[in-house]
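Labels A, B, C and D are assigned to the chains in the order they are written; within every chain, residues are numbered from 1.
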């Protein structure tokens, strides 16, 4: 019974598969006022870069039907503050942390990956090569297989913890990129990051976001995430942490059936700050109704049924 | 007052910019039972291929949050029946028709384009190089700039009416594709076709659609459509017929502000069969509230404000 | 008129997960044929597609109609929360219903239904009764608790039940009821609505019967023939390119016509 | 407790497009500081983001609170359709409100508000009155019709109006009222909420005043400090990398602190 929700991935022994997604949960402290973070499977902390960043001008968010756009621009206090303040503050929870790492060039990524794994609670790194909201780096690393391969290899050399590479959905064909990352030696994949979108303010006749474009997230993109996870899980054995529009226990199970081995929950935290504990609570009953013994069992079945 | 909604595009003098999108309005006959089609700006008829096609196995549609997936697979009665029955049936309406043309190879496209313009009411062709739901052709033509260029050139040689090429959003970078089509001599662009998505049935643990993947349409994709139309309108002077999630007069105006010169309405017809006449009726008041004199005036302003 | 904001007169749960919804509006005037369906816009903004639900009964005098549905997913769940005096966006009636014009007094007619396929058969049976046919109802359900409208059907003619778990009537599916009923006498007409398995069974039994009708289901978008979402193949089509649309050329087809 | 399905006690239109909504629930116990806001989930499934709306008044005895909002877009439109006894998903109270701890009896205090920035100033003014401050309300509106709570403000202290079209009070914006009011005497505290233009005007007038406070707005997602959607730059930050989050470090800031 208790092991029903357990999933085991490289570096990550998770008591359940529910992980707040990077950028939607800060460094945990704010949500800790709402519930005990120890209930979570893990936390993907906000993207961390070598230097502190302010990010983009505001407005940074806009609403879309069943979705939202964001163009935060990777605002974060920088590696040093994350290491000295943000990560230690999470040590009191019984929780493996996944550190989301971003950069403007290969050296930046390497520098952060070399160090952030030193934090005792960082059990894995999520390499963000798919942020659509920064001019340099970000998505550029995630749309070219060769670049993705080189970057993966470079960070694999320096890291002490497993590396999960976060894929962009803004590509014609995701397969060669996933293959390149696999070949580069990554331990897993996370997907999907946001899709590039825009909203225009009818009164000003200009884009709502100061950055003009932003990343689309939320249930609107769920069918795209499902398709991409399904597609990638057919061509690689790397475990996939799935995300994109998860709001319900059914969504979690749909991602598993598509090929995910754990899931991250982003936008839903804004709609309901208690969504993660609610999902953890709702899963067992829904699994029983659908005749799913355990998530590990479901993962096995899905893998076996691949074409 | 009466000219407020008029827009003029190559081959198309439209009394208003509202056009039912291809595949969502059949060949008009069914909706003619609901309202007088003469009120529309135009109709984009269902994709027509050289030979009749049955399309994909069923189920062919699935629902998603603020969207839907379809994998019809270009079912249509073939060029001959369209020419001899479907198009003549539309002649009684005061209505220019846009014929959506699809094929499995260049010769097919050329053969259909050479002939379909002979129909007296076909005033333009929409070249569907972006259907994600067929194995051969379709989207393959719309993701490679060279292929798109060659195809555009080939059909331009044989056609008597202006050609609008329909772009796929499933690409890493839409700019070179739009530029190739521009260079190939097309008269305009229509965008966007659907995004590739998937839904899984939790009971069977298999994709809901028989085709596994389908094309995502509806408000969910509107911010992606707005972004792509905005992006493409910055790099070409070709007029753009915008589509993707239009449900309200505000959506129509947002597309114009992004760079569209007319709009097509797809999925919304399924939610409300009267949506097109309702949009036509709602536009003038909304334009007045927003201080928009006429759509031609708005188009001009948007073009002038390009970066 | 083909679409209306109809008023909810009542909504009651008549069995576990099964609801009876009575609607009032001018649209009722158009509802003439049993087996037609309504295309219902569930009042939840992120659900775009309408839900096809069969007419279970029509009352022209009161300007009301009844539908009976089972909560399956998010749409029917949301529908079940509506209350008296709420409005509901309804398109319809859509599709071709059951042909009954040929039925003569004292004709022995089989009505075969399974589970949530039973609702449209109620209005059908009422109309057959008016034509003074002798209606035999052969109805299969999963178990006793989910049976609904038993009194109503019994009031219209002979009524036999089968249940998958044997908790009511005979054990097994409606096919077992059919075997028995045919022993008593062959029907001059057959009407069926239910799962694909049930329809196939009826098709096999009456593939050449001149008046055997099946009501099909399909995932739909437009519901009125424009989008090709709901097609099925034809039995007599070697090319494999021909099709019928279940929404506007069906949902009722004679046996021998379409591939199930 | 930080989130609750609160009950709607009443919702009335108090001016064109402007609604007063009274909510009841246990969450009221947490609501202590004027200037804090509620983060409201509008009951429309395709709208994911909550709407920040200021507390306009709090009644601990009745366990109720009031918000006043203007219909701007789809969310507030949908909110305005709710009726007595409906439930509303409310998070809050969020943010830091107005500091009033330092205010002494007979202090002359300016409350400067514009349009839909006026609501939070009402609870503020009530609390200042309890502290026996002499409150001067300087309120700017577009035109006479959209003024609300006039009687309520007048009951708490001197109240002056400006309107953009001169249809009530003096012609022009609240800055004109401020010029006049300062002639009578300088304030020991200043509180402002309204358009960016209004806030800039107050910032310019009182940039070094030790007790001048501005309540800011920003498009928000989480509303509680986790997403960095709502940041603003600091005046004293040469690197340009520092920021404050309006949702949890604001929405109220002293003048001289953030860049408007």
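Brief remarks follow.
FYI, a residue touches a chain if its C-beta (ideal position, glycine included) is under 8 Å from a C-beta of that chain, and two chains touch if they have at least 3 such contacts.
Keep in mind that this is a model prediction, so the values were computed, not measured.
The chains in contact with chain A as well as with chain C are B, D. Each step here moves to a touching chain, and the least such steps from chain C to chain D number 1. For chain B, the chain whose average C-alpha position is most distant is D.
Between the interfaces B-D and B-C, more contacting C-beta pairs are found at B-C. For this pair, chain A with chain D, the centres built from the Cα atoms lie 36 Å apart.
Look at where the CA atoms of chain B average out and do the same for chain D: the two points lie 46 Å apart. Residues of chain A in contact with two or more other chains: 65-67, 218-219. Of all residues in chain C, those that touch two or more other chains are 45-47.
If you draw each protein chain as a dot and join the dots that touch, every dot ends up joined to every other dot.
On the chain A side of its complex with chain C, the touching residues are 65-66, 219. Residues of chain C touching chain A in their complex: 46.
Residues of chain D that touch chain A in their complex: 2-3, 41, 45-50, 75, 91, 218-233, 240-243, 248.
By the touch criterion stated above, chain D contacts chain C in their complex at residues 44-47. Of all residues in chain B, only 23-26, 29-31, 33-34, 46, 52-55, 58-63, 65-68, 70, 72, 75, 208, 218-219, 267-274 touch chain C in the complex they form.
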